[in-house]
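Look for subunit A in each of the two complexes below; its partner is subunit B in the first and subunit C in the second.
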Partner chain A sequence: MNSFIAFIMGPMVWISVIIFLGGLIFKLVGILGAVRQKEPYIYSYVTLKHSLRSIGAWLIPFFPRSARLSPVYYGISYLFHILLFLVPLFLASHIVLINEAFQISWPALNDSVADVLTLGVIAALIFFAVRRIRVPEVKYLTGAMDYLLILVVLLPFLTGFLAYHQWVAYQWITVIHILSGELMLIIIPFSRFSHMLNAPLTRAYMGSEFGHVRQARDW
Partner chain B sequence: MAYSNRFIMFLIVLFAAVGTGFFSYAGQDLERLDPWAFDSPRRPGAVFSHDDHIFLLDDDCSVCHHVYENGELIPDESSEDLYCSDCHSLKPMPDNPMPLEAAYHNLCRDCHFDRGEGPVLCGECHVKE
Partner chain C sequence: MQTKENAMTDTPSAVEKPTDPAIESGLERLTPERIRQVIQQVLKKETGPRFKAYVETCMRCGLCADACSYFLSNDRDPQFMPAAKVKNTVWQMLKKDGNVSRDFLRRAVRISHLECNACKRCAMYCPFGIDIAYMMLLVRRICHKLEITPQYIQDTVNSHSVTLNQMWVKDDEWIDTLQWQEEDARDEFEDLQIPLDKVGADIMYSVIAPEPKFQAGLIYQAATMMHAAGMDWTMPSSPGWDNSNMAMYTGDNEISGRIARKFFETAAKLRVKRIVMGECGHAFRSVYDMGNRWNSWVMPPFEVVHALAFYHELLTQGRITIKEKYKKKVTLHDPCNVSRGRGLHDKAREVVNLVCKDFVEMTPNREHNYCCGAGGGVINCGPPYKGERMVNNRVKAEQLAATGAEVLIAPCHNCHSGLEDIIQHYDLKMEIKFLGDLIYETMEKKIYEPEA
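Presenting the complex of A and B:
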């Protein structure tokens, strides 16, 4: 068992990170290449200023009009995305592992705070699942893969929560925690999770099209 | 009525007996390292049996009670007369870049990985009290 744990805590972490970063870079190059081939004139009006202005506007809570039209969904989604990165990156247990591997460190969240925030992430994921079942226009666009992807995000947070409390089967829960975290990283470039790359690109395009060409706002 | 009362009494006694047994097992005193050298430890001291390790390491104290000089391990020298925290401070220092927490983690976990036995995950040593 220890050699298996050594593998998933060692080489498998590198494999996951390489697939995650490499996959996103590959995708970025692919998108930029496709634009050059099919609609190269887009490059003539995309500017850094209008791109950043649009990305910035969409980062301000409840600033875009569509955010104000569905404030509950938008608010939960906004908090969810912050917690999705904040909790794992500032979790004391994770920082300890990174510190021992790379001798770098940063301030950690209080464990009890992280515990509650983890429950917040889980609650948001349940909300997203219920929304896909209950809201007709969303249900219409929902397939099995969408529920599966919610599960992929749920697993590392749920097992992390259970592992912290050490209630049941600690070793197995922790092994599933590590594996599901790696699975999530690996899946990002090959699923709709790649919106972590596509979203800013879309804003850059829309921001420049509206801001630079039409002299209008895109938020 | 009398029957059901007796049955409920029986159930209460049964649960009390099983519960006492369970909690006395769950809360049994595990031999732990005392984290006195840490300012505000986030986790309970690691579960550790000194006697078991003396036996497993064939009385070679220097495996854990090692001596380093200028970053080099001095073979066959041991340091049982020192606390770990005498050499390892809480933060990395120029004369000893290995802080106390990492010293424990690396020494215990790496040995358990190398030998293929012993706990390696956080909560396997830092068992909740």
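Presenting the complex of A and C:
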């Protein structure tokens, strides 16, 4: 058991981070290469200015009309994406592990604040699942994969929350926490989570089409 | 329950009633091999990473729903939301690797040709900027290659192919019509001319084929404005005068490209400085945005000026002066291809305010305006589909009614025809006009003289 834990906390972390980052880089290079080969016109139309203008406009909370039409979903989704990065990266116990391994550290979130934020992430995921069931137009589009993706994100946060409180089976919960966190990283490049990379690219293209060619706003 | 729902959502929900002879006879000719081959060819060979990203990236969030006038007009029926239209066409085609049935294709024709105006409003409501109109045009491209394009719009493409204009206007009829309008306009300006083939003129003025076919008065008005403003202009006497492009909307890219190429070549032959076009949206898009690309120009080889921008120029430069502003309460419809398509909405408002006394906005407006429900080739699918077009754009009728305006300005031919139907069907007490109609009505009928 100890050697298994040592593996998932050691080499497996490396493996998952490499797959995550390497996968995204590989994907990006693939996309840029395919654009050059099959759709080189895209390079003629994308401009940095209009790409940033569009991405920027969509990063300002409630700025796009689309966001104002669905303020609850958009607001929750917006916070969720921030917390998705903020909580794991600024969690005291994660920073301790990194400090042990690399002797570097940065300011951590207060534990009880992190605890509440974790609950926030879990609540957001439950909201997304309920929305998929309750809102007809979302339900129409939803398939099993959509719930699976929610589950993949839910697991590390839920087990992290349980592990922190050490209510039951601490060791097992921690093992699941580590494994599910690694799983999430690994599948990002191979699932729709790759919107992490694709979304800025599609936004940049549409932003450029609107800004550069159509001389109109796209938000 | 679950299985029933899946059956409903995974396959096209209702089997379409066969109404369109071109679609039906086309479907009868198809074999499973042909279907698979065409779908694979278009989706694999004619697309690239952009399409792949669109398909891979959609998170099924449903935010595109509120963008679509079809969805809003059909009491939020999910199958009319933009992403659902992709789900019921492209996603299935990809999932089944092209092995789809005739019933599936009958529905796909309807979705892509009659339930989407390619107005691109949904691209503004998707956080990722996924271009669903592009994917609907891909489906139309597949339909074109399978030869199951709706009959009426296919006929316009056939006309383009034979005559290089949309309406089977014969070469002599075209010249006759221009001379007829010239003659009539001479009642107002005795030496007015519609100069044909004047090499080296500043402006080539170009219209869509429905103008000579049944709205010749618009050419009269344009000639009057050109003459009064003292412009150095010309119109081509030979094919290449029509800037419309229905092939762009059937996915017949080859003919679409041919039309645009001939159009630019005509301007080049006349060695004009720029091209001014009448109040048409899709035609404008076909030359400033699409036709140039097919013919390998990043941007159009000529400056292409839409009527809205041209009116703005004439009025702000004082080349045309308004005698007395139009008194009735007017509202303005922003056509997709000139506002969301070219950002001309603010100029349009300036012109309206210069010409009219009482202007009221419809909401939402500018880039966010609701589609007319007719453009993107939808109205061109003809009378068999008029009824559903009316149902599918109830939201527009509500938007128009809420303005309380007496006159609706629709500076685009497709919008104009579609909204005229809407006004009639929903019994809105409104007149519909082109912006040019109002300028013509209110302008001083005198010839511009530059200040010494």
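One rule holds in what follows: the second predicted complex is superposed on the first by the 219 of 219 C-alpha atoms of A that agree within 3 Å, B and C clash if a C-alpha of one lies under 4 Å from a C-alpha of the other, contacts with A are read in each partner's own complex, and residues count from 1 in each chain.
In the analysis below, a contact is a pair of C-beta atoms (placed from the backbone, for glycine too) under 8 Å apart; a residue touches a chain by one contact, two chains touch by 3 or more.
Since the structure is predicted, the reported quantities are computational estimates derived from the model, not experimental observations.
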### Message
What does the overlay on subunit A give for subunit B and subunit C, a clash or a fit?
### Response
fit
### Query
Put subunit A at the vertex: what angle do the Cα centres of subunit B and subunit C make there, to the nearest 10 degrees?
170
### Message
So in the superposed three-chain picture, is A:S70 touching just subunit B, just subunit C, both, or none of them (first/second/both/neither)?
### Response
second
### First (subunit B), second (subunit C), both or neither touched by A:A216
second
### Query
Touching A:K139 in the superposition: subunit B (first), subunit C (second), both, neither?
second
#### Entry: Superposed model, subunit A: greater residue contact from subunit B or subunit C
C
### Task
Using only C-alpha atoms, work out how near subunit B sits to subunit C after the chain A superposition, in angstrom.
36
### Summary
subunit A positions within both the subunit B interface and the subunit C interface are none
### subunit C residues within the subunit A interface of the complex
9, 47-50, 52-54, 56-63, 65-67, 71, 76, 78-79, 81, 83-84, 87, 123-131, 289, 293, 298-299, 339-343, 345, 364, 367-368
### Query
Touching subunit A in the complex: which residues of subunit B?
42, 92, 97, 101-102, 105-106, 112-113, 115-118, 120-124, 127-128
### subunit B contact footprint on subunit A (complex, rising order)
2-3, 5-6, 9, 92-93, 96, 99-100, 103, 111, 163-166, 170-171, 174-175
#### Entry: Residue ranges of subunit A in contact with subunit C within the complex
30-31, 34-35, 37-39, 41-42, 44-45, 54, 58, 64-66, 69-70, 73-74, 77, 132, 135-143, 146, 192, 194-195, 198-199, 201-203, 205-207, 209-210, 213-219
